[in-house]
Every structure is written in structure tokens, then in C-alpha cells.
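Below, chain A partners chain B and then partners chain C, in two separate complexes.
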Partner chain A sequence: MKKIVLLSFFILSLLLTGCWNARELNELGLTLVIGLDLVDDKVLVTAEVVNPTYSQQSSTTTGQGSYVKYVQGVGNNIYEAYRDITLKFDRGLSIVHNRVFILGEDFAKKGLVSQIDELYRDVEQRETAYLLVAKGGKAYEVMGINSGLEELPSNYITKIVENFKYNPKTVDTNLVQYIKQYYKMGHHSIIGTIEKKEKKVIDQTVEKTGTQDYELSVIGSAIFNEDVLVGYLNGNDTKSVNFVMNKIRGGIITFPTPTAQVEGSSTPPPPVEGEMPNKQKDQNLSSVIVIKNNTKNDVEMVDGNIKLKTKIELRGSLGEVVGNIDVAEKENIIKLEEACSKAIEDGIKRAFKKAQKEYGIDIFGYGLVFHRKYPEEWKRIKKDWDEIFSQADFEIEVNTDIIRTGLINTPINKIKGK
Partner chain B sequence: MDKLNNQYEISYHQAVLLLILYRIMVGFTHLPAASILPGNQDIWITILFSTFYTILLCLPLLYLSNKFNSLNLIEYIEKIMGKTIGKIIGIFYVFFFLYATILLISIFVEILDAAIFPETPTWVTASMMLITSIYIAYKGFVAVARLGEFIIPFILVMILLFIILGYKNYDFTVLLPILKDSKFKDINIGAIDIGLRYFNILILTMITPNLKDKKDLNKIFFRSLIYSMVIASIIVIVVHSTLGIEYAKHVNFPFFTVTRMVDFGETIQGFDSLYLTSWIVGNIIKISGYLYFITVALGQITNIDNRKYIIPISVVILIIVLLLKDNKPILAVKQPTQNIITIMAAIFIFILPLIILTVYLFRRKKL
Partner chain C sequence: MIWKKISLNKREIMEKFNNTSDLVLYEFETNSNIKMMACYIEGFIDRELFDRDILKPLILDLKKVKDIKRTILTSKIKEIDSMENLIEDILSGNIAIFAEDLPLSYTIELSKWEKRAVEEPESESVVRGPKEGFIEDIFVNKSLLRRKLRTNNLVFEDLVLGKQTRTKISIAYLQGIVNKRVLEEVKKRLSKIDIDGVLESGYIEQLIEDRPYSIIATIENTEKPDVAAAKILEGRVAILCDGTPHVLTVPRLFIEGVMTSEDYYVRPYYASFLRFLRVTALLISVFSPGVYVALQLYHQEMIPTVLLISMMGAREGVPLPVALETLLMVLTLEVTKESGVRLPKAVGTTVSIVGTLVLGQAAVQAGIVSAPTVIIIAITAISEFVVPALVQGVVLYRLIILLLGSFLGLYGTTCGLIIYITQIITTESFGIPFGLPFTPINKEGLKDSIVRFPIWSFIYRPKAIAKRNIRRQKPPRKG
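Our next item is the complex of A and B:
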């Protein structure tokens, strides 16, 4: 009996050598970026698919080919468009490794949530894939551009989105974060943008081909009212929103350098419009690198009036000092800290004003703070929160602590002791 | 007749571990608690609060098992209610266990089909699971208990690992404000709903005569209940703070989705495979146990060796699972399968035992 059992196990192990209906690599079209557009009221899916037959070696001999290929399908919804691709492309798309969805502006303006159900329902799709809006254009227009060192355009896009940690002038919203924001009452969602930009000509003698004249930029963000794209924020405003939402993990703050007078006192910094204003002629700007940031938001209700409050505690290191100021003096460091705080304050006030007056929606999440602090009142006003937000007073307090000065102290343009 | 009653003993640790696993597998799989009342950020508190209702609802069975600690549920029902009525009620309990097992396997197959074997036919996944469970059930409950003693700590460590590794996806502010948006009535309804799903009391009443020390019965019940409720509550906190309150209700397998989101850069990913490993093993232990109890109950009602029922019952389960699963989704469409189990649980965990307890109190001098 034992022998029969062992024998049958042996035979079975020969027969059952793989998964049921396994899809082998040579049958799959691994998708890395998917673009979603609306064309004639239909969904156009553009997929960047890895070309496994391509290698650097073959390209040098033939001079042709690419690491990726682009395939397109049209349908009444996303799934139908995916399946349309099967009639034009020889491999079945596998979206297991898909890391970015680029939404055409038209697609995003039509209302996202009802259109992207498939992205959440499909078991192959990762919940952590980034969402980006192709600012001012179609998704397929920004796909295929690779101005980085990464061999795959998808990796190039993913890496520049993930550079959020170095530069918070963008947002790295993924599928789950988007849907979480969408469901939250009292907070409108913002997602990243992507834009094709022409590069400054670097070397006229080099033969320029294809996309080398262009680069992609993910600066700024797209604002959604419910699930409809209503507008964009520029890089600085996006950074301000990230400050209020306590998402800053790195990056720099640039501000006008307070000028020190000869006898140790400083001239007050020139008035600024906010962080990174258009540099005025002869204006010196310095930068602080963010080491740590902590933001606390609060809401106060006094006599029926609502005041939104934000307090920011920032720790940073001097990244660049341009101007006549001796940072070896304690009082000058304090002046730099104040100038830095002022720049953040002004930047946030400007973004706040934009959200209040231009869009009339709460993109900062003060509604969530109100809900937490005044739960009973919230039940009454939650439907009108955006209107209340648009009328609310705003108070901001920023404290900057410069705890490092880098490898040098006094700026190199200033002779010590003079 | 079943060998378990005569030869094997189940230790305190084995019993506690098994009861914890049987409970948390629900949260580990489809987390129905994410959709119960009050349906907001206070669900984790509702789960903790449900401990009170669970104890209350399980009291009749717990009392009876303490009184008849040398008999299992089917045996003492027969003793209290008389042979004929006792056997009829016993058959009802068999049907309840059968229904619970069918639902359990259907959900198991559903997640397998959805998550890892989308193209594998249901009969293959269901058969593979049942063949493994048949083998374990054949070896008796001691095999289930020993396997559990070995495997369950591993599963608990895996859950802990997922909870720790997912830290960067957590946003605990979604859990605020606490107890401000919920009505007291809703929390109570939610807590009763959870309390009614505590099938473990039936498992405990079935293994009572085989406990190494029968005095441990209450200790096993309370400890396993509290531990499992705390773990379930933590699972809800993790799911809510990762997916948000509303999206968690939309997801069929919330904890699975949470593990899919765990990563450390590009190199360390794919924790869902670890999840699936522990989840499959956990389900095998649970299904083997349920299969075993169905056959033991049948064996005791008919006075036939329980092992003779294992294969026929498994075939019946397989056929019904195939009919159910190839007909409609179980988790996404809750009516009627999920609603029936709640009603059945109310009858078999509380109402029927309460009637039996009343009869016992009247007849106790004669027994």
C-alpha cells in the first residue's frame, strides 16, 4: 500500500509541475505606466509595455528598438479598452507591475471615482500605484518621454514622483490615498500632475532625436472637488499645502536674506509676497534645508465665527546664504529664522487665499480638524463646510530653528571681522 | 465511536490557541466587523464592547458545559432533552456546523480565486482544501490541536509582523473623534451582532470532555475571548488607519489589501504571499476542526464511528460549495448566505441553549 501511495506521489509530481493555467513570462506584456484619456467620449488606454526582446547590445548593432513599446486600446470603459488592446497586441497585458496611472485632463474633469472602479477591483493592480494628471493635455502626450538615466520611462516617472521627499512642490498620491481623501468629508483630494516641458538646448552639435528635447516635470498638483478636476496649484502653493497637511519630510525654504549692517545690526528684510517670490533685482535669497517639520492644525469657534489655525515648528540647516550677513552671530541666525518663518507664513497665506477665493474648497483638511474638535456642530454644518471654509479667518504661526550651518559659517563673500 | 472521547486530552494552551485562531481567522479574512454598526471610526471600540454581549450570549452553553463537563454538547443535549428530542436537536446542530463549514470553505475559495488562482476552477481549490482537511480530521482532533499548537504562534507572529511593517501607511487621525459620532444604540447593536458570531462557544462545548483539566473551561473561554477580541480590534484599527473607514467597507478582504500595501522600497515587497501562507494554513486548521465536529456529532447521534462520515460529508460539502460558488459571490452579495448565518447563530448559540437550560433547571433533580 505504501509503495502505491509513494508511486502515485511520484507520478503526480511529474504531472503537476506548474500552476493551473499558468501565464508564462513569454506570454505577458508587463505594463509599467498606463495612461487614461477621453477621446470622442470613449476611454483611450495607452500602456507602456516592457519589450523583453530588446537589449542594449542588439540596439547598438541594429540601431533600432526600445526597452518599451506603447500600445493603445479604446472602449466604453477601462476594461473594454484593455481588451481592445488584445486585438492589436500579441501579448496579454499584465498590470501586476504597473506603478503609475496618468490621467488626461479631460478624463480627470469628467469625474474620477465612477470611471476608475476597475483600478480598485482588479486583483492584479497594486493599490500603491501613483495617480498623476497630465496638466493641460492628454496622458499619451507625456508618455514615452525619458529625460533621466533610468532605462525605462516608467522608472523615470516613478523616481521623479518619489523625489517628493527632497522637494515637496509635488504630491505623491497613490490609489488608496486618493480614495481615502475622496471619502473624507471636510477634505478635498489633491493628486500630482505631470507636464511635458521643453529643455533648454545644451549642445547644438549633438544630434537630437525623439524625446531628448523634452523633459517631464511633476511640479505642482491637481485639485479635485468631489472627484472632478477643478484646477491646479503651482509648486509653491503645493508646498504650502504639504506644510499644512504635515507632509513635509524634506526640501528647502528660500527667503530674502536679511542684510546685516556694518556695526552688527541688520536691515529688515525687504517685503516679500511669499516664499520664493519672483526675485527682485539685486535681491539676495538664502535657503534653509528642512530637517524636521511638525504642523499642528486647530479650529476655534468664537461667537459662531470660525478661525482656522496652523502652527508650524520647523528645524533646518542653512543650505545657502547669499548676502551680507554674518551667520556666526547669534542675532543674525535669529533674523534668518524669522525671515524663513515669514516666507513660509506668506506662502501658506497665499495658498490659503487661493483655496478660499479661487476654488472655494478645503484642500487642507481643516474640516477634519473641525470634525474632531466639534463633532456635534460638525453634523450640522458638514454639508456647508466649503462655504464656511471660504469665509473663515486664518491664523498662522511658524517657528524656525536653524540648528546647523553646513560646513562654513560666515558667507564666503564676507570678510570676517569687517 | 470517536476515539477522542476515550483517549486524547487537549491541554489548556492548545484549546486557547485554537479558539483564538478560529475567532481571528474571520478578521484575518473578510473582516465583517468593518461594516457593522456604528459603521464609523468607533468599530474597534464596538468589538471590545462586544466581549460583554458575547459572554452574556454564551452563558447558557457555558453553564451547561460546566455542569456536564464529562459530556460534549450533543451528549448533554440528549441527556437533558431525552433521546428523541435530543437527537433531533443534535441533527440541527450538525446542520448548523455544516452550514458554517460550507460558508467558511466558500469564502476561502472566493479569496483564493480572487487573489492567487483566478483561473483555477473552484472544484480544484475546494478539493485540495478538503482533501487536506479530511486527512487531518481522520487523525482526530488531537491532530488539529497539535498542528494548531505548532502553527498558530507562527500565524500570530505573522499578523504582528504585518502590523509592525505597515506602520508607514497608518493615519491614526481617521480614528478620531472617539465615541462622538456614534449613537449608544448603534454601538450596542454592533456589539450584539459580533457577539452572535462567536461560534467558538460551540467548539468549546464539543471539546470540554477532552480537556486535560476540566476546571480550566471558564478560564479557556474568558482568556481566548479577550485575547481574540483584542487582536480583532487591533486588526480593525490597522485596517481603518491604512484604508480609511469607508474604503475598508468596500474591500472584500481588508487585511489582505493592507498586506499588499506593505513594502520597503522596491526590493522588499510581496508580503501578501506571507499572508496567504499563514491564512491558508489557518483555514486548514479551522476547516479540519469543523469537519471533525460535524462527523463527531453525527457519530454520536447515530452511534457510528465518526470517521465513516468524514468522506461522505466532505463530498456533500464540496458539491454544495461548488453549487454556491459557481452561482454567485458569497462575500460581496451578503443576502441570503451571510444573513442566514446570523439568524442561525442567534438560534444555536443563545435561543436553543436557553431553552435547554430552562429544561435542565426544571429537570435537574431527575438527571
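Our next item is the complex of A and C:
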């Protein structure tokens, strides 16, 4: 008897957990991208839903309709907007595979934290979904544009964000990274942007048709003060921020080629403003491919003055050398390394100045470094950190180490007759 | 007891055999005028030899009754003085000879009946290794085994089981290597059997196994003498049963289900790879339908997006819920398998055509079954055939896991996995843990589990099975 009671308790306890909400696949509206906008102070949710019948047809016949459908719902908050969709759309949205959230500019300017609680609370939502701000417009305006080979627009967006590893001129902040940044002391978050760009007309014979002439670009990033959108960084500044935040895993650095002269008379390269500047006439530019990068940030307090320090150790290989320089020579490699370091330094200084003077907020995370090094002082100054940050001195040291030079030693324009 | 009078003996034998028509009672008189009678069962003996070597010398040369043994020149002649033993002997293919005024009978073993030739067993075919298999005759089987183990340590202990079938059973083991506890246990359990008929070794298996209610079989069977010999060499006990080519070996370990004789004949790397493959196939075969349904119903987030979308596309317009659809296909698979086994070979091709075309392609095209389900079932079926020794357990557990997965999702399939593993590691086979060499861990045994080490590294027999005399070979000299 006792055994039966115990056993029945055991069996009943099985029902306490588990996944009771079985959903057949043909009842799902698989949502892959969600756009959030503010319209008349209400939340407008635009969802990109996969059309499975189309995917089945596409291999055999020329499918009718499109691979995705867009559904919209309005509500006072996100959940209400989701539920608004149910009375307009025949299948329940399943956001388990949602990969991208696109925030309209209005939505981001209103402050995120008060609005996106649902995204974290919902058991279905993936925390690895990317957050992107639709630069200068509404989220639904960029949705539906697909200039890639992926059939799904969502895959197109995800892939170009993930190309961050080849070109760090963007950021791949996802939901969980955003909230971690938000809660970090003395650190303001930056998240990726997305914008619609018109393509240059390639084939003049084809008539212009709708979205075909647009492409999406995720270059640049959006700066948030606490959780409110305050401005944008361009691609190069974003790369500089990524350098300071030690997020560079790949990509290239472009810098003016130093001139190889006879010893003693080498003229320093003309000063340029930041990395990849507006190219001056007849200036030769070279590129280094990043193999490995390591950034160390430090804060120093001397007599009440705060000094922010960043040290970058970069290992790279030569990607492109334009100009009259023989890279087989050790000295020339050192020159190239110095020029590359200089370019990174200038770029970071420029981004730093922008953060200090233009926005006056710490987007690099020096506050956290300070907090770790001087926990006592931090308690006093944490309220005013942004102000202190915008007054602080900045010191940067970059060491570039070029370990490979590619397949050829001499730039091809050097060989003949020189 | 045997009567002096032939007529009395004749009457009693006929009474005992209830006048059965295949009993031959042949009365004859020798040249020296001795009345005699031969008694045998038709079809059990070699008639030609009987006429030439028994009847002829008796009729022509027998002078006195006492000289019967001297007249018939055979080593297989016995004096019998009780009717019970006589009947026993007649039933096992002996010829009984009676003579007038002789209060005993002679039985001569001259049995000969139709039997199959030794050929390659269909259930355990190999590419490399001996192709011979056991047959239905226990004497041949014993000789096949003896040919593999030509040692005086190989012992056969005979007994007879089944009150009506009087089936000959033989326990085979290697004296000095066998685990005595297992041997005693086998003998004890066999002696307790009290059944009217033993038609196949499966009867014995079910009568002596440790857990009569368990899905898992705890007794191994094989059709190949080399396999049986290898098991005996490891200290196991083989039970041969007359009338079936399937020889039982105990104790059985779970890992034996993924072993084949060929593993030991090919090189160790490939053998280890195959073992690993079979374990994987076993898991796929048990779990894939259950996990498939669980993922599709409860955990869409775990399926890669693109795969999920194509699965959704395939499911569009399929009327049945996925759990029912999969269950239907799993059952269809079993039906197809069963019909393929039972059907005469000529109709066999029809089954494959009906199975592949109608159930596969047509069902998908008609939108009754989705294509991924058919793929999953196909993978399940293929994987199942990789581990034929475990098929009975696999099929039933697959259904259990499928039901658990349909109602409880991955939580259910995990519960199923736990139940499966618990059952494996708590089972014992004749006192030996079924989960060896993993639970309890056994270093020597691990060398021959999922990985098969080279033969030269098998210095000891698996300790848990062979308790004594465990050294197999000299350890290789170092340096």
C-alpha cells in the first residue's frame, strides 16, 4: 500500500513539469524578424512569418506568393500587439526562431527598458536575437528588402550582421548582450543599425522594379544614453570602439603607406585624420589584415586627475601594399607596423573625442575598469562618471606586429625600372 | 522387466506404444531355429545397415542365444533389462533385439534420420570467418563444437527435458575455466524444469532466465560454432538443445548485443569503428522516432531554422497529428518486416515493391504522410538491422519512447532513456551484472567493449565471468 502511494506520487510528479503545450508544425506561424515601432504612441509590431507552402513548392514549380508574409498588430505594449495579430492572422505566431529585432528610431528614442521587458520575459524568445536600430526611419520600412542570395530576408539580415567578424564596422549586439551592457556600471551600450540604401543601377536595360533596387546596410552603430537612443557612429568610429572593447576578431586596417627613403631622410607620412580618411590626392594606402588582437584598458588616478589608458597588441598580415616600398626589408616592415599603429591610434582618438565632446557618455566601458581598480572612489563618483569621463585624459599605445606579408614581397608597381 | 517369451514382450511393447503404426516389430527365425524379434521405429534407423549387419549375421550365423553379442559386430550394443529403458532407447533410434527364452534385450544404436547439411546460418552471415553453422542435430552440433575446442577440458553434460518430447539437452563448458557459480546455477535451473515439451532452445531460455518479465533478453543465442566456442573460452556455459541450431550461452552481457564474431577477425581499428557505429545505430533505432516527435511537437526551437521551415513545408496538408503519423509508420514498418520474414521468397519482391512504392513515395505524394517522417522511419529501420541481436528489445522500447515523446516531449524521452539504462544496469544474468564492463567497471572487459583492443592485449579473460585461470596468453615482453 505504502509503495503504491509512493509510486503514484512519483508518477504524478512527472506531470508537474514537461512541455504541455504541444503545437503541430502546421499550426505555427514561424516568425523570423520582428519590427517594433511607435505609431501614435502605440506599439506597432511587424512580424515576418514564413510561408511554408511556398518553400515546398519552390523546388518543384514556380511558387506563387512569396516566401514570407508580413503581419502587423498594434497595442499599448508589445504583448497586446502580438495578441492583436491573432485576430488578423490565421496561425499563432511562434517566435522561437526569431533572430532579429528591428527597432524603429522613434521606439528607440523613447527608451528601451520600459518597453522591451516582454522580449526577456517570454519563454519562447531567444536571447541571442540581434538588436538593430532602423537608422532614420521605421522598422517596417527596412523589412522585406532582400538583396542577398538567402531566400529568407531574416537570414539575409542575420548573415550580414554576422559578417562582423570580417568587417568590424558594425556591432552584433544581441538581446542578452544589450541587457548586460545596460546593467554594467559606467557603460553605455551601442547596438547595431540597419538602413535601406539605394543601389547603383547595374543593368540599365531592366526597368526599375520596387525593392530590387534597395539593399540593406548594417554599417555603423547607434549610441544609447542609458536606454535612450542619442546618436549614431559611422563605420570607422564603430570599428574604433570595437578595438577598445576588445571585440576585434578580424577585419582590416587601412593606413597611408610610409615612404621608403634612404636612411636619415625619411619623411614622416603626412598626418591624416583618423583611419581610412578621405583619401588625399596621390596618397598611397595599404591594408593590414587582423589575425589577432588583444586590448587592455586601464585607468589611473593621479592627484585626482583621471587618466584612461588603452594598450592594443595587434598581430596581422599584409593584405595590400600600394606605394614604393620593399617589404622584404625589415626596416620597411617596422615602418609599416608603425604606420598601422598610428592609423589605429588616430581612429580611436577620434572616436574617443566624439564620445567625450559630442555625447559626453562612456561607451567604451572605462567606468567598469575604474570600478574594479578603485572600488572605494567609485562609490563617490559613480553618479558623475560620465562627466568625469568627458574631462578625462586619454592615452593610447598600439603595437602592431606584421607576421606575414602575403605571396609577394615587392609591391607590383615597384618592380619595373625602379 | 523383459519377458522370456517373445509374444509377451511383443504384447507389452505394443501396449506401451498404443499400437502406433510407425513401430516395427519384426519376428524372424534364425537358421539354428531360434525365434527372435527386432523392434524399432520406422525412419529412425539405417535399414540397409540393419539388414546387412544385423539380420544377416543373426539369421545365418547365430548358433546359440548367448552368442548374440559375438555375432553382431558393433560397439554400440547394450544389454537392457527394463522395459522403461528399452522404450527410451527405441525412441532415440536404437534397435531392440529379443530372443526366445532370453530375459533381456539388446539394443543396438543404428540411428539415422534425415537432417540438414551444415551450412551458413542466415541469421549470422559473415564476410570473414567460418561459414559453418549449427544444425538441428545435437550430435553434429557437439562435434562441431568439439572441432573448435579439441581439448579434454571441454565437457558435455547431457540431460533430457520435456516429458513428451524427451529432448536431448547438453551443457558445454571448459573445465577449469568455467565460472563454477554460473555452472551450478545453470544446472540447478535446468533441473527445476518440468514441462511437457521443449521444441526449441527458446523454451529453455524462457524457463531459466533471471527476469521472466523483462523486455531485455539475458541469455545469448548463436548459430555459429566459432561464436559459441569463443563464449565458452571466456568462461561461459553453452546449452545445446536437440532440434534447433540455436545454442544458448550464459551469462549474457548487454555489450554482446553489439558484438559480432567478425569483430575479432578484422583489424582492431575497423572493428572498434564498427562497434561504435553499432552503439550509435542502437541509440538511433530506439530514440529517433520518439525524439523526432518530441522535437516537432514541443521543441521547435531546437530544430535549425531552415530545416524547420522545410519540415513545416512537408507537413502542410498532412491530416494526421505528427504523433499518430509516426506511430502509424512505426507500426507499418513492423508489419512490412514481419510480412517479409514470413512470406515465401517468390512473393517477397512484391512486399518490397508495395513497401517502398506504396508506403513511401505514394503516401508522401498523396499527402498522408510527411516526407521527413518517412526518412526518420527509414533511418530507424536501417539502424535496427545493424544490431540484430537486440531487435526484440529495440522494437518495444522504440514504441515506449515514441509514446513518452508524444506526450511529454524531450522530458519524456529522457525519462525513457533513464528507464532503459536503469533496466540494463540493474539486470543480472546468472549472477553476473548485465551492464558489465561499464557498471561495475571492469578494466579487462573495457578492452573488449565499444573499443576492441588488439588481440595481443587480451592477456586476461573478462574477470567477472571467468573467475579462475583467467590468463589467456603471456603478456608481451617489454622493450
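Heads up, the rule we're going with is that the second predicted complex is superposed on the first by the 376 of 418 C-alpha atoms of A that agree within 3 Å, B and C clash if a C-alpha of one lies under 4 Å from a C-alpha of the other, contacts with A are read in each partner's own complex, and residues count from 1 in each chain.
Just so it is clear, a residue touches a chain if its C-beta (ideal position, glycine included) is under 8 Å from a C-beta of that chain, and two chains touch if they have at least 3 such contacts.
Please read all numbers here as calculations on a predicted model, not as lab measurements.
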First, second, both or neither for A:Glu127, with chain B first and chain C second: first
Contacts of A:Lys180 with chain B and chain C, given as first, second, both or neither: first
Touched partner set for A:Lys69, first chain B, second chain C, both or neither: neither
Partner chain(s) touched by A:His97 [first = chain B, second = chain C, both, neither]: second
Touching partner for A:Lys109 - first (chain B), second (chain C), both, neither: neither
Partner chain in contact with A:Glu376 - chain B first, chain C second, else both or neither: first
Which superposed partner A:Arg83 touches (first chain B, second chain C, both, neither): neither
Residue contacts on chain A - larger count, chain B or chain C: C
Chain B and chain C footprints on chain A, overlapping residues: 19, 21, 126
Parts of chain A lying in touch with chain B, wherever the complex brings them together: 19-21, 120, 123, 126-128, 176, 179-180, 183-184, 368, 371-373, 375-376, 379
Partner chain C, residues of chain A touching it in the complex: 14, 17-19, 21-26, 28, 30, 32, 50, 52-56, 94, 96-97, 99, 124, 126, 152, 155
Chain A contact footprint on chain B (complex, rising order): 114-115, 117-121, 124, 169, 171, 173-174, 176-177, 180-181, 242-247, 250, 257, 260-261, 263
Touching residues on chain C, where the partner in the complex is chain A: 296-301, 305-306, 308-318, 321-322, 408-412, 415
